[in-house]
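Going by the order they are written in, the chains are A, B, C, D and E; count residues from 1 in each one.
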């Protein structure tokens, strides 16, 4: 059975497991890892039923859940810290938040980055109309940046680290999270698919937890010239020298933390995300309660 | 017994399939005779009814197809409050501005150039290769080049639309030159006309029907390319509205956008037909 | 003194501008007479030369316009090693497959449906509203709906291309029905033909020239839509190649892709012209 | 009993645009025997084509009946073939297949229909062109193909609506002679519409002159010039004979009068 | 000295397709005086239009000279107007502007050109249609507009290439009479091509019969039937007179002979 699994190409420890074929072995699926530009593409693909299992940001997940897509969050990939940030280009004349007015800020529309950016602007009291928010995929941001066509960008890795070569971080998603706009990447699945593939799902979660644990337990050993880092660099296109720093920007949960976090934080974060998006006129409907879209059972089963 | 059964191979089926002599005023056997407006009307009503029925009964999730009411509501809502901070009018205006300025430029450059190409083998030799080369290439394919060359501002958007309008308009004007009957040209020359007089007073007016048709086709192409032009780095416009609403799975906004685009495209086409009737009333009558 | 100066308002300028009587075999005053192939050839050579010159002198950065050599090299490189893990042949094949299967479907469904619409006011009444509604909408605008409805697999890609081909083909077949002269139809009826015989032996062959023209237009539209179809979640295809190369500013790959697309589009069109000459040799001669 | 019997036929077209009804035919009575050659002549718009269409079965008369061999006509049929002025050949078929087209429609197999077609191809002198594309032929040849095709189904009546109108003078004279020869050989009932008085006189055994508004038969003449031609083979002598000229002038006068009456232009 | 003098003119078209050269005209000599009405008649392809185009200045002869009032013709000019069979009117102009078109080309201002145009519009009986769109007119009316337009520039020569070929019989007879009336009133040199022997005889003062391959003038006849018509006003009587008929037959014989010689079809 062929299963398409969506990812975004963030350089995470799971790439080591992928490269070693651990997921295929554990789940028994014939997996095609498909890189999507952003969560917006994923939720459309999941709505159509073509993708059953994918990584997804909290913001597109809130959108999908609110719009009635049949998805359940069953595992946290990582909590977003400095792995997504607002980078301002050197020479753009932006030094402080007030300078953002009238500038061109690129961001993947509908993504966690977009949500963080909107959150930050509203926290700073900057009207979204006073800046030019331009929708672009991370790769397009990379290209536009090289041409100085944009002044700032809110984006994830590996593109973020490329932008940093010629720009500086104005604020990270982690800081914005503290103002009430938390974001995370999670693994979502179509519940019917999950029910049919209960064993493989558990195996998937287990393999994922092990990959993260491998990193968390051996952080010091994962240096730029270590095998796992090289492997991550190779499969994501990030520079090996930057991968350790990039990895620092993610907050991975251990197997034992997963279930608890899903139960206590996930639904609430989704609800607040959805409310904010509705207030911004981006979506029409918000569910009262987002716990139906969270399923901690799988995570708990492999604790 | 009638004439049908008198024919060489009579059969009950044949009689059924054969029409009887038409009434005076009808022409016998014209394929497709008959009015279809009423049926169309019923079909539209029926489609909307079933749309309403299925969505209201909840057989189709609003994510896939919102109900007609939801579309209307969404339209009213966007009309009142705008979309992503700009009013609907702004989105419509910027899109129309882009298409129209590209269309205007394409006509101003393409029509004289096309006429010149029709009139002169030298102009034809020079401009044929580049036009024929880029013409079959999908605008989306060269959109990346436009962005690399001209940035993400209005220039690249308008240029993209311009290019898609330019080729049909120029080639239409070029082939329109052939519309002038040689008798008309000879008549002018035998009154002592100069080449310039023949061009302006015979060839240009003769080419008008074809030029206007080309303009109609061109504006259709331009409108089609608008969405591509607004795909990258737009912050306003109907194409932007549709594409970015899609990112939030706002199916109702997508459909509202599509309907507005279709409506404006119709209006454009209607205007061009009007212009055609006014400018070349003799079209198809000589 | 010649006839020019005998005319009512002689002037040196006039004489200069007026042509003398043509030689036998030429028709006097035909606009645009003369061959332009040589000039076109020189223009192409010249364009490539200047392209080479400016890029080789470093006046244009390769990001903006790679040199012709670089394009050739890139082409050879992609031809040998493929692009993002698939060989060039695979990209070409999948794109051609998508366009052709959509085109095939559109013809298989669109031509009979169009003929039926031409023949029957009922069919016209039923199918006119939906076709006329979606026809002016840019495929990119309804791409999001296609994805939500039909996913990111081949179905939605082929369907998107199908829709862009279907409308022109069906409407071409529909209006082709009118090509049959009423005399031809009457002749058939007076031999005792059934409606079905008239349709298959008079109306269909009469409509063929227009159907083939519509197919030519349709395949052009299909090719244009291919890039849009390969925009989302594709992993193979020429459109995917161009768009994803563009995301990494691989200008030379973008240009190689564009040239391949243009070349295939030409080949398609050439084939259709060939088919046209074979199938309807009488076109324009009755 | 007449072969073709037109009794009290009227044909009223509904208002075209804002103007009132058009009385294209009114009270037409005509009995035509097998073997007659009827020619209809008259100013433009006097209803000639309408009458032919009624006989062919393409139009049902508003009033009156048309019977063929005693049976009412209710639609087109293989017993009446029509030769049109133009556009009626099928360019996707070669000469042979065009001629055999009627037989194909009637379900004859290929050998059978080619045998019949070849007979008429020979009769019309088209032997060398059997395999030619019809659109490559001259106008005169095309008309011959049209006539051959009409003859293949061995109709009782051959209806011709200005069949020679688009031909140049010389080709036209030859075609006239050819049609007369065929009429003579087959003895079919022929009904021919023309604008040329000379052609009408030369070809018909009966000439009906029609007048417009309402379309009616204003004069009928019995003719025998065609017999004279068939007897002598000298068309020019027939057309130059004083009685021919005299009748021609008489008829022209009638038509001119009609025409002035209706302010035709 | 003749007004229009055609001396030893030949016109050879280069090979069309694979076949050899076409001798469209060979050794044409013709001297035409002011006020003559020359009619050219001949089988299709015998070079009539080529001759007219040489006179009009649209084609330079391969050999020989054409002079008008002693001066060689080297291109089209306002001293020679052409009336075409069709397609020569400008549908974007109304009748008045079509008639005035030549004067506009020649730089006359609007009042001046409308004055002249109105004169000819009256002459051709088009007064009620001044503001009409030309494409709404019947074929006969359109030809009248074409003739009026040709006359406005007061040319020395009026060249007409089958101007009446597309008209129906009645309209055609009237147009013939009209052209003769104008010729009579203006005294212009007229050169008319026709396929109709009757028309040729009726209208010309000189008839040239041309033969094809190579195109040449095979017979010349001096005529006076048009004078007879202008004197009596009875066209029908002229056309029915025995000498008219006799000459018609003679000429038809000549043409038929030509035509058989070339296996024309």
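As a convention for this text, a residue touches a chain if its C-beta (ideal position, glycine included) is under 8 Å from a C-beta of that chain, and two chains touch if they have at least 3 such contacts.
Small disclaimer: the values here were computed from a predicted structure and weren't measured.
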{"item": "Top chain pair, ranked by how many C-beta pairs fall in contact", "value": "B-C"}
{"item": "Distance from the mean Cα position of chain D to that of chain B, given in whole angstrom", "value": "46"}
{"item": "Separation of mean Cα positions, chain C and chain A [Å, integer]", "value": "42"}
{"item": "Approximate Å spacing (C-alpha centroids) for the pair chain D, chain E", "value": "33"}
{"item": "Multi-partner residues of chain E (each touching 2 or more other chains)", "value": "57-58, 75-78, 80, 106, 153"}
{"item": "For chain B, residues that touch 2 or more chains besides their own", "value": "4, 7-9, 18-19, 27-29, 63-64, 147-148, 186, 189, 192, 243, 246, 249, 251"}
{"item": "For chain A, residues that touch 2 or more chains besides their own", "value": "44, 47, 140, 143"}
{"item": "Complete list of chain pairs which touch one another", "value": "A-B, A-C, B-C, B-D, B-E, C-D, C-E, D-E"}
{"item": "Residues on chain D engaged by chain C in the complex (per definition of touch)", "value": "56-58, 75-78, 80-82, 84-92, 101-102, 104-106, 133, 135, 149, 153"}
{"item": "Complex contact set, residues of chain C against chain D", "value": "181, 183-184, 186-193, 197, 201-202, 205, 208, 280-282, 285-286"}
{"item": "In the complex, chain B residues that touch chain D", "value": "1-4, 6-9, 18-29"}
{"item": "Residues of chain C touching chain B in the complex", "value": "4, 7-9, 14, 17-19, 27-40, 42-44, 47, 63-64, 117-122, 124-126, 128-130, 133-134, 136-142, 144-145, 147-149, 177-178, 180, 182, 185-186, 189, 192, 194-196, 198-199, 203, 220, 223-228, 231, 239, 242-243, 245-246, 249, 251, 254-255, 257-258, 261-262, 265-266, 269"}
{"item": "Of chain D, residues touching chain E in the complex", "value": "43-44, 138, 140-141, 168-171, 195-197, 236, 239-240, 242, 245-246, 248-249, 252-253, 255-256, 259, 264-265"}
